[in-house]
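As structure tokens, here come the structures.
The two complexes that follow have chain A in common; it is paired with chain B in the first and with chain C in the second.
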Partner chain A sequence: MVKSIAKKEFISTLRDSRFMVLSAAVLLLLLAATIVGLHSYKQQQAERELAQTTVNEQFANAADRHPHRMAHFGSFAFRPKSSISFLDFGLDSFTGASVFLEAHRQNSANFSQAQQSASLIRFGEMTVAFVLQMLLPLLIIFLCFGAFTQEKETGTLKLLLSQGVSLRQAAWAKVLGYSQVVALVVAPSLVLASILLFSAGGFEPASNALLRMLLFVVFYLAYFFIFIVLSVVVSALHQRSSTALVTLLAIWISCCIFVPKATANLGATLYTTPTKAQMDADVHEEVAKGIDGHNEQDERAEALKQELFKKYGVNSLEELPVNFDGIRMAAGEEHSSHVYQEHFDELTEVFEKQNSISVYAGLLNPYLAVRHLSMGMAGSDFEHYIHFQNKAETYRYNLAQGLNNIQATRLQYGDKTTRLSNSTWKEFEPFRYEVPGTGWALCNHVVSVVALLFWLLLVCVGGFKLIENINVV
Partner chain B sequence: MEIVLEAKQLKKQYQDKLALKGLDLQLQAGEIFCLLGQNGAGKSTTINLFLGFIKPTAGAAFINGLEVATNVTKVKEYLAYIPENVMLYPNLTGLENLALFSRLAGFDYKKEELMQYLVEAGLPAEAAARRVGAYSKGMRQKVGIAIAVAKHAKVLLLDEPTSGLDPKASNEFSELLLRLSKAGTGIFMATHDIFRAKEVGTRVGIMREGELVDLLATSDLNANELEKLYLNYMH
Partner chain C sequence: MRIFRILLTYEWLNFRKDRGLQLLTVLTLVAGLYGIYYGTTEVERQRNNIEALDLLTEQNVEEMKEKFPGEADAGDIGYYHSTFAVHHPDSWAGLSLGQRDVNPFYIKLRLLNLQSQLYDTENVNPLKVLAGNFDLAFVLVYLFPLLIIALSFNILSVEKEQGTLPLLLSQPVSLPLMVGAKLSFRLLLVLGLALLLSVVAMVWARVSPDARVTLWLAVVVLYCLFWFGVAFLVAALQKNSAFNAISLLGIWLLLAIVIPALLNVYVSVKQPVPQALALTIKQREVVHGGWDKPKQETLQQFFARYPQYTDTTEIKERFVWRWYYAFHQLGDMAVEDLASDYLHSLQARYDMVQQLNVLSVPVNVQGIFNAVAASDLPAHLGFLQSATDYHTSLREFYYPFLFNQVPFTHADFAVEPRHSFTASPDYGVGLNGIFKLGISVLLVYVVGLLLFRARSAT
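Right after this comes the complex of A and B.
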């Protein structure tokens, strides 16, 4: 019974030329977004790989230098793009692509797409995620708004029900039929994306990319299903197609435009971020309270020196088995890194609080839930950006301390003239970044998963309960 | 005889209007009952109550012994329905519409069988493969008749079924009803057509403002007498 009606809905829709034109347009947009997105991904990924290789070689083959000069020479960490980030650019276009890694300073990522592009990028890019999140629901609305109202207006609903079909069965059948139509529009693009992605190969393990891709598809299918059921329910609750369409368009505007903007503004208002100048001043002030690696007269350096004298039972810096310059630098680095990290964590916390408004609003709006999950699976969300930033900082800290250790153990106190050859720099492993596992990405979005499940349950249980009691005549 | 349709003190109140005032009625298998009445008399309300599309305010409607209100889906197995204006799915052909509605009723007919039902209902064979969107009202009505006949129901509920049919098709429809009646189908028909009621009906009921004001056996009077009686009640 359900299959027969679903088949009818499917065939009827395919024979509707208006819908076919609309579907073809969306399908073309999806395919174009997939191909353009993949092209852009490959180009950026190649650029970043080349840049990373170049800076790694520059570091490894750097001229003979004093180790602390090398720490200031520094290196760069380029953020590789996640394999399926071409489907959802997320924050990638706005967050930086590279971090300069140097002694004493914790730099943030620079050179984002948005910085290097025209301001049009801020209006949103034509990505697969944009089409799936914004345009597909619109297509679903145009597909389903008359699901019940048209049958009520024409009287076919009475004929249908007189054959022994219950309202619940009719509703499920329509949902099933429309789901098949939506799958027909979406599937070619996702299949093409998968083929192109996995035939080309990404930088991360294929299993991770595959799992992320699968979850990406599953979350969107759930999102579309929610919109299909919602549209069918709204249609069932109205007597006229025009009012059902207006209601559904109001829901779309609210979900896809109004609420996301409102939650972002609310987050920024409730949790204000410090200005960069303020943060730099705060950091500078606190760093100044610790050991200054470059200042031999520093009081805290003097205390450290006395501590070392006591530890090694000596009375002068020359008698120490280690180079005090390197030890002082390491202590200064430890302190400044700690201060930077504290402030960075505080800033991250503010951003996370801002995001949390939008995350919890997913319980009211499935668009927000799927947007977070989409970015999460694509590896282009805030959490992935912070993950990279932390990995880059860990590498920077270890590099600086490694060079400080070389200064402390291989050079004499006061030796500012010795230059070490590049064989020393080759001892350092180059920066390598691995996109975290799918489980990690999923754990960051538990609330969004719950929100999507909540919506599925709400429309399936609550929505169908409402349909059972609609007025047929 | 087997009672296939029954109303016991059936009432329906719409806000401040009592649309049906305690209808008591029985329809036996093979009987054709014609319900006459003006627009708004309560004929469609009565049919909607038997179909379970609306719930009675008081009393009960029964189809094949089952109370409709508590067996809304089950009673559909025993009844078929033809509305005044049969609307079908415009993107499907007449044949596909019939196949769909038959499958929903539990009948998986072959193409030839479906064609036979359509042709018997008066639809030209060549029209069966055309999309219903291009059909006239009469052609849709014929597909609706085929859908009802193909269901082989015990009870046929008809709401102005000959509306939109040409005289020849109306006549063929009357013959079809008589055939079904002879085969044991109980037919409940709401109509304005006094002459058709006299022609095919076993009994005629006259409904006015939600009340069954007269109940007559068609064998007791001719069409002219019936018309006079009907008009008397309407004034």
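Right after this comes the complex of A and C.
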């Protein structure tokens, strides 16, 4: 009986021309978003790869220079896009693409897509994730709002129940039928997306991409299922189709339009972001209390000098087996990087606190939960951005220290003119960024996973309990 | 007229009984007030942050005076001393924050080459800017249409579904009059709310009371009229409530979300901006190449731009500041074309949106609001130009010290140029936008009336 009800819902939906037109439109948008997403992913990725190769070659083929000159010449880190990010741009359009890596200084990530756009970009971007998160629930609402109200209005619900079917069974059957319809709408595009993903080939291991894609699909299926059951439950609780529809639309508006913006803004109001200017000034002030690599008269440099004298049993800088210039630079770099990292971590913490409002709101709003998970799997969330920034900073630090070490070991004290042959620069590995593993990405979103599971449980247990108790007149 | 008034009173009584609609209206009011609060506090925060920059500059100057007691080499000052180019928010910015959260509102500048400093970004939480600003413009552009839809999706259909329509029409009331009265009541309610919020925002933000007051209010009225027109158009189809609700929300979705997203894709494909990365790479290569080139060659190129400092004596020292700043200047000159290309491409993107916004009334209206508040891309481009000019003036201030080899004294800090910029509102975009909006409003009502006629005829 359950099977035949499900089949009836499935077939009668396919016969509904209005629904077919709407789902064709959604399907078309999904396909368009897939192709558009892939196009802009490839374009940006090519731009960044070209830029990265250029600067790597520039570094390896730089002229014969003094190592500290080379440390100021520095390098760039261009953020490669994760290969699934074409399905969900997430924060990628709002985060910088390029970081200049030089000695003594940590630079901001510059040139985000949003800065290169008019305010039009704030209306949202056409991605697969956007269609799946916002439009699919609407399609589901349209599909399911009459699930019970229509039967009530035509009086067929009583007939149905007189066949010995319980309300719970009928509800399950309807959910099953609608799930099949939704699967029919999203499957083609998800299959296409997977094929494109693996034929395009990213820079990360295929297994990582596969696992991420798989979870991406699973989270969305759970999300759709939640909306299907929710819609059926709301339909069962109403007597008239129109009121059920209005209720569902109100839920959609608050979940997908109102709450996401409100929680993000609330977070920013509650936890104040320090300005970069203030942060730089604080870092500068704190660094000034430590050793200054460029200042020979510095007190702490003096202490370091005495320490080295004791260690090597000598009395003058010239007698030292190592070049004190390089040692002093390295000590300065170590100190300033440490101070910067502390402030950067504090800033990240402020952002995380701001974001936590939206993350925990996922418990009240499945849209937010799936949005965070989707970005997480696509590698375009906040954590991936910070991960990249930290990797870029680590590379910058190692580069600067590597060059300081060369200065300390291969040049004489006080030597500011010797230029090392350019083969020296080839000793340095170019910047390479790897997207972290799926497990790491998932761990950042435990709350969102819990929120999604909570919602599944809530609609399946609580929702069906509500349906059992409705009044069939 | 008397019947019209009776109908209005009847609607008022109906509204007073409908808890749902009242709740929705109150919610919109609260959202509007929060939007005003958020917008004004955000602008206040930016103002305070800009003010704090003065203190940072002052501290920096004190540090310089301590570090270089007595006469200093201007080269040292140019290297260690920094000032800020600042982009003050317009008094209207709180009503429509636009891109002011994405683009930095200040740029820290040293005498070094400009192109490596001009595009530095502010600390921005990407998740926050992705979610967007909950300002008054958002409430008006996004939420008010939803309120209008909720209030009027069933004006005609509900009477049919409750069976009260034949009853009503048996009275001396024509169908258009009835629909007109119902819409008028809702229009009064919504306009009252929208105008009230706008005025509250203007007072709260203490906007400069100029022509923009009229422009803003006119846009608000026309925009609400547009959405009532859409509701009227759908009502003219005389379908059931469920159909109306879905169609109206579908139109909203199309105009406020789907078309803008598609436009954004179109614009970024049509007008790519590959110059940014190329520019940032090239300026570094040229600046650092300066160390390896013969000093005289660098200076000759520099003197071509600044002939007043031409000096043929050969530099014998390993390092002098004037040569250092000369090759920094050359770094900027090498990417001048790329930089201006980059800014022009960004402007072209904006212009393209301005042309295409006829396709979506919400995009047009958001554009007007941002133009009025001077918070969109052109305002930022104006700021970048102004910051560039400021950097040039800094160079012109320091170069005489460097090239004429005049020592820099503590007193000279006081006469160093300072920067301040406030973008001016774009009335052109505002008026053009309101013209397009007017046409859109006219169009929906004409189509709606024609549909009504056609429906009643059959």
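Here is the rule we use: the second predicted complex is superposed on the first by the 473 of 473 C-alpha atoms of A that agree within 3 Å, B and C clash if a C-alpha of one lies under 4 Å from a C-alpha of the other, contacts with A are read in each partner's own complex, and residues count from 1 in each chain.
Going forward, a residue touches a chain if its C-beta (ideal position, glycine included) is under 8 Å from a C-beta of that chain, and two chains touch if they have at least 3 such contacts.
Given the structure is predicted, the values throughout are model-derived calculations rather than measurements.
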Task: Clash-or-fit label for the pair chain B, chain C on chain A - done: fit
- [ ] Considering only the touch criterion stated at the top, classify A:Gln239 as touching first (chain B), second (chain C), both, or neither.
- [x] neither
Open item on the list: If we overlay the two complexes on their shared chain A, which of chain B and chain C does A:Thr53 touch? Say first, second, both or neither.
Closed with: neither
TODO: Look at A:Leu138 in the shared chain and tell me whether it touches chain B only, chain C only, both, or neither; answer first, second, both or neither.
DONE: second
Open item on the list: Quick check on the superposed pair: does A:Gly164 touch chain B, chain C, both, or neither? Answer first, second, both or neither.
Closed with: first
Open item on the list: Quick check for you: in the superposed arrangement, does A:Ser4 touch first (chain B), second (chain C), both or neither?
Closed with: first
Task: Superposition-derived comparison: chain B or chain C, residues of chain A touched - done: C
Open item on the list: Tell me the contact category for A:Ser40 with respect to chain B and chain C: first, second, both or neither.
Closed with: second
Open item on the list: Taking the superposition on A as described, I'd like to know which of chain B and chain C A:Thr417 touches: first, second, both or neither.
Closed with: second
Open item on the list: Under the stated touch criterion, which partner chain does A:Ser12 make contact with: chain B (first), chain C (second), both, or neither?
Closed with: first
- [ ] With the two complexes superposed on chain A, say which partner A:Thr272 touches: chain B (first), chain C (second), both, or neither.
- [x] second
Task: After fitting on chain A: smallest Cα gap, chain B-chain C, Å - done: 17
Open item on the list: Going by the contact rule set out above, which residues of chain C touch chain A in the complex?
Closed with: 31, 34, 38, 41, 45, 49, 52-53, 56, 59, 84, 98-99, 102-104, 106, 108, 116, 119-134, 138, 142-143, 146, 150, 154, 161, 240-242, 245-246, 249, 253, 256-258, 260-265, 267-269, 272-274, 276-278, 280-281, 284-285, 288-289, 291-292, 318, 346, 349-350, 353, 362-363, 366-367, 370, 375-377
Task: Touching residues (chain side chain A, partner chain B) in the complex - done: 1, 4-5, 8, 11-12, 15-16, 154-156, 158-166, 472-473
Task: Partner chain A, residues of chain B touching it in the complex - done: 48, 51, 53-54, 72-73, 76-77, 79-81, 83, 85-89, 91-92, 96, 100-101, 103-106, 131, 144, 147, 151, 157
Open item on the list: Which stretch or stretches of chain A touch chain C in the complex?
Closed with: 29, 36, 39-40, 43, 47-48, 51, 54-55, 58, 63, 65, 69, 72-74, 76, 78, 90-91, 93-98, 100, 107-126, 130, 134-135, 138, 142, 145-146, 241-242, 245-246, 249-250, 253, 257-258, 260-265, 267-269, 272-281, 347, 350-351, 354-355, 358, 382, 385, 416-417
